[in-house]
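Paired with chain B in one complex and with chain C in the other, chain A is shared by the two complexes that follow.
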Partner chain A sequence: MKQRLNLSVLMRSKVTWAVVAEVLILIVCLIVRPDFFSISYQPSTGMLYGNLIDIVNRSSEITIIAMGMTLVIALGGTDLSVGALVAVAGAIALKFLRWDVTVYNTPGDYTVYPFFLVLVVPLLVCIVMGLFNGFLIARWDMQPIIATLILMVCGRGIAQILTNGKQFTTGYSPFRVIGQGSFLFLPMPIIITAVVVILVSLFVRKTAFGTFVESVGINRKASRLSGINAQLIIFIVFALTGFLSGISGLIYSSRIMSNDSNNAGLNFEMDAILAVVIGGTSMTGGKFSLLGTVLGSIIIRTIVTLVYYFGIASEATMAFKAVIIAVVIVLQSEPVRNYFSKRAASRAKLANGGVK
Partner chain B sequence: MKKLFALALALVMVLGAMSAMADGYKVAFSQIGQESDWRTANTDSIKAAIEGHEGWELIYDDAQQKQENQIKALRNFITQGVDVILFTGVVSTGWEEVLKEVNDEDIPLLLIDRLPDCIDQIDYVAAFGGDFVEEGRRQVAWAGEYLKAQGRGDEKVNVVIMEGTTGASAQVGRTEGNLAAIKEYPNMTVVGQQSGNFTRAEGQALMESWLKSIDKIDVLIAQNDDMALGAIDAIKAAGKVPGKDIIIVGCDSVKAAFDAIVAGEMNATIECTPLYGPFVVETIEKLIAGETLSKTVIHPEEGVYDMDGGIDLGTVVSVKAADVIDQRQY
Partner chain C sequence: MPDNNILEMRQIEIQFPGVKALDKVDFSLRAGEIHSLLGENGAGKSTLIKCLTGVHHKDGGTIILNGREIQPQSPQNAIELGISTVYQEVNLCPNLTVAENIFVGRQPMKFGQIDWRTINSRARELMRRFHLDIDVSRPLSYYSTAVQQMVSIARAVDIQAKILILDEPTSSLDDNEVKLLFQVMRDLRAEGMGIIFITHFLDQVYAVSDRLTILRNGHLVGTYNIEDISKVELVTQMVGKDMDTIFNLKRVDVDKDAPYVLTASHIGIPGQVEDISINLRKGELMGFAGLLGSGRTETAEMLFGATKTANGEIELNGKKTEIRKPYDALMHGMAFCPEDRKVDGIIGDLSIRENIALAVQARRGFMHPLSRKEQNDLADKYIKALGIATPDAEKKIGELSGGNQQKVILARWMATDPNVLILDEPTRGIDIGAKAEIQRLMLEMCEKGVSVIFISSELDEIIRCSNRIVVMRDREKVAETDGANCTQEKILAIIAEGAQGAGGTKS
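Take a look at the complex of A and B:
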């Protein structure tokens, strides 16, 4: 009996419907192309090889950013600058790898500055940019969407100035490991993402931090009066999002072994927000689900892979994505969830009555 | 006091210089953005040519690949009262209104590289751009002739076409050329045709997916070199040898593609020169002198570069990439 009642609760959860949506999409894949799920071992790279691996692998950049975005949205805000920060991180990394392309004019297996600078400086700069967002929001009480718009617009400009508007290419093998290497038969981005998701989850759920974020998101003034340092929470969340965007930027540029100031991270802010929303976190702030966000990000990437895999014509791609996302959002809407939840509850009652 | 005087003097000089500049001939340039090395070379060539010209002032706008940014930039140029506008459209449609506004103000318009669809409805002084259809034809023809030279002329081969940003005139033209040329080679079948958005990352992800959904791919036609370069990594990750198991033909001829061809990982690249600077200067000089200009679109002369050279494509014979790599400017 208790199980039946739980089903009603389950039906009400947005995360359940995210799972349902993903399963539905995958079933469509399975029907159209049964070989969609095949996974094999690729000896030349030492990695597992298959569509499911690709989906998780290529969702990494968005998943990592969306971890931070979930907390930002739980605070009742949005961070529009993440995509631009991805471009900045890539530009700085490539700048340190190649420095002056007129002197080091062929891409090869070398780095001009020590490798740790290539990794650390982009991340530090992204943290500082995140702190800048946090400062505008916490200290100057700017609306997050306006405050982060500043870096969204000028971030790519900064990235282009750093590289003189050029696209550098590198062949430095340790740098390649981040985006194209492998560990435990899996592509490195999956490993990095798993570590990030676990660490952020632990930080948020094993300390009081998550509760603080939810409380500030629901009512900032009341939280402050009850002794929570709301400003500090906002600073930490935006700095963390900046840092995570930096990691995402390093993965992106390592995949293509190049910086791409105009295209790196393009529309990532929208994808990350979408991932969070599909994952069941409300845009009004408050309660959030990190697991839901991971699922949301995977759903978005599944759609992209689907488009590629089934050879959907370029002209129809956008419309196709829009239709699927609309279906997912409708599945998660209040009326649909309530309908299934009530049905489950009444069925449970009926079953209960039958037993009696 | 002396310091103050020096400061004032410096200020006067700066102001003087600025007003002198403002009196110069204002050349406005609305560029798409920095989508690729090709675009950067194109921007640098035009910028350098105009900035290097005495008495000319460049007003440059980078649209970051957004049409709305470009429309805004064009309207800004009008309010600033520029003397001539150089324009490259990020997509081929939707320009009628803003370009007519430019016409209404009688500002001479120079169309560069990507020509808008409404070209017949607007006034422009000159148009200069690559022949995208011919480039697309050359891509397929190179693969077809190369296969013949390898003695594989009768072998059934599967071709995938990686398109550029949907709606960009380079994508429209090259796709037309690709598909027309495929008909000339009955041994070729198109088994995949999708957009990689002209970027390395998307070219890589698309190739990764194709290698799983399509059983046999023999030839990759990538409508720019960046997508081809991205695809090379995906092909390696699938345990295949790029340039051997899969023949890769790019387009644009950027330096990184030459590096890849010399390294044996890519087979050929069809040139699409970005060095428009000299043409732009020449045209504007003619414009100032009051000469009448021809409205037919001018195509630059372009080559084809590959691993060994000597492939005859009818209109051009390919050149060995390793021989000319040192002369490449971009």
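Take a look at the complex of A and C:
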């Protein structure tokens, strides 16, 4: 009986429906391509290959950003600048890797500046930009959507200025490892994502940080009056999101071994927000689910893969993606969840018969 | 009495997850009667009403309206059946005109167009029936809450309602407006309408109703003719305890030589509150009396650092201390239950457990979390100690009744083990039993040596509990008197006249 009642609770959870959606999409994929789930080992690269691995691999950039976005949305805000920060991180990294076209005009396996600067400086700059967002929001009480719009708009401009509007390429192999290397038979981005997800989850749930974020997101004034330093929480969340955007930017630019101020991280903010929402966190702030967000991000990537597999004309892919996302969101809507929850509850009652 | 019941609810049962909200409750309403429905918060009044208006669906029992059994499915359905409800908050569109509000959704048409002339003239006629001669073509927001309330009643009545439910209609009205409302209620009664009246104000119950029904914990206590039950009996029945035990609260004596815990000298914010000086002894209860807007809340917020103090100094335990934000106050052992608990107090979507642990956790910082067990222990301890009515600590605080929410906020601060506790209107809007409970807790804290600042609009509470009373008026402290030999009249005189009156010693 207890199990059945739990089923009713389960039906109410948005995460459950995200799982259902993912399974449905995968089933469709399987019908279109019976070998969809096959995974093979490539001895030359020491990596596993397959659609499932590719989906998770390609969702890395969004998943990493969406970890921060989940906290931002739990605070009741949105961060529109993440995509631009991806471009900034890539621009800085490539600027260090390949400084001056007149000196090093042939691509090769070298870096101009020490490698740790290539990694640390972009991340630091992204943290500072995140703090700038946090400053506008916590200190000046700006609406997050407006405050982050500033960097969304000018971030790509900054990336252009940093690289003089040029697109650099590099062949430095340690940098290639970030986006294209492997570890434990898995593509490196998956490993990085797993580490990020675990560390963020630990930070949020093993300390009281998550509770404070929820508290501030639900009622900032009451949280402050309870002694919570709401400004500090907001600063940390936006700085963290900036930092994670930086990591995402490094992965992205390592995949293409280049910077692309116009296209790197394009629409990432939208995908990240979508991942959070599909993951069951409400846009009004409050309770959040990091695991749900990971799932949301994977769902988005699965949809994209499905689009490829259907061989849909590229002009129609966006529309197709939109239709599937609409279906997912409807599955998660209040009436649908309530309907199934009530059905599960009444079935539990029936199963109980007259016994109370 | 002839049995001309317009409405009969028999053996109504409603089951909520974990609790029986209504257990075999009978209720009847006659045509041409004003029937008050009484009970503490959470007694089941609103559940009963919502069952009648189709918001909740009953799990047992029957509802008979005019001799026919009905099953209200939705509020819309209830209105069609002739049951109209006017809620505490006005549910109208402030940007539409009075006339539009009355007829919206059922505008009379003429040649396929809305017949404005008829709408306006009928609305004017209707409002005149309510003794209001107002311009019905002005937007609703132009008028006072009282008039808006009348408009919602007018709308309800014009839908040819047979039963009118008034849910706390008077809580935002002044005396004259209440009188006007009562006049309207009596007129409607004379026309044969049955009116169900819900209020927290017992005087109003006696002023206007014919019969009353008392609920307690989802059970029916009884239905009485108004002349058959005294006010004391009524309260006793509502609370289920004797009045004496409730109001047998006495102020706690303070040692005259007890050290000063909190001293504020000449603190103020230009333009808001000016030049406030108080000194609070250990274990003392200081009452803050004064009208709304007299600067009581502003003073409390300054002391706690919720707003930044511009002038003056604050000393804690004899040491000059700067309190710039609530966190500073928390670290210095201060606690503050804000006035508007829904807006400034509760974190609605978090559980009781999380709400209770919040301030303790804030003091420790988020890097030093309380373990789940410590949180559970804390929550269990205070749920028991304060008698918070909840099935378990994981319930969202937003789902509790007002009195219980207030207790959780109090628990949040008691858990920090404060030296100074500031309570801003802790008893507003909660029922009489919970009120007494909160006062008892406050006095217990004093006995343990906690100094309390108690802000309240209800003078009898202040006089009953306080060792000293600070009277505020026009954003200034106008007097400070001893609590022991103070009367309501004295305080009222001070508020009315300023410091010159009635034995106030100006500090």
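Note that the second predicted complex is superposed on the first by the 353 of 356 C-alpha atoms of A that agree within 3 Å, B and C clash if a C-alpha of one lies under 4 Å from a C-alpha of the other, contacts with A are read in each partner's own complex, and residues count from 1 in each chain.
We adopt the following convention: contacts are C-beta pairs under 8 Å (C-beta built on N, C-alpha and C of every residue); 3 or more make two chains touch, one makes a residue touch a chain.
The structure displayed is predicted, hence computed values, not measured ones.
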Clash-or-fit label for the pair chain B, chain C on chain A: fit
Vertex chain A, arms to chain B and chain C (CA centres, degrees, nearest 10): 130
Of chain C and chain B, partner touching more chain A residues: B
Which of chain B and chain C A:A208 touches, first, second, both or neither: second
Which of chain B and chain C A:G286 touches, first, second, both or neither: second
Touching partner for A:S44 - first (chain B), second (chain C), both, neither: first
Partner chain in contact with A:D260 - chain B first, chain C second, else both or neither: first
Chain B versus chain C as contact partner of A:G165, first or second or both or neither: first
Which of chain B and chain C A:A313 touches, first, second, both or neither: first
Which superposed partner A:A222 touches (first chain B, second chain C, both, neither): second
Lowest inter-chain C-alpha distance for chain C and chain B in the superposed arrangement, angstrom: 36
Overlap of the chain B and chain C footprints on chain A, listed as residue numbers: none
Touching residues on chain C, where the partner in the complex is chain A: 304, 306, 325-327, 329-331, 336, 338, 343-350, 354, 358-359, 361-364, 366-370, 412
Parts of chain A lying in touch with chain B, wherever the complex brings them together: 33, 42-45, 47, 49-51, 54, 58, 106-107, 156, 160, 165-167, 169, 180, 252, 255-258, 260-264, 266, 304-305, 307-315, 317
Chain B - residues contacting chain A, complex: 33-37, 40, 43-44, 62, 64-65, 163, 166, 192-195, 197, 199-201, 204-206, 208-210, 212-213, 229-230, 233, 236-239, 256, 259
Chain C-touching residues of chain A, taken from the complex the two chains share: 206-209, 211-212, 214-215, 218-219, 221-229, 233, 286-287
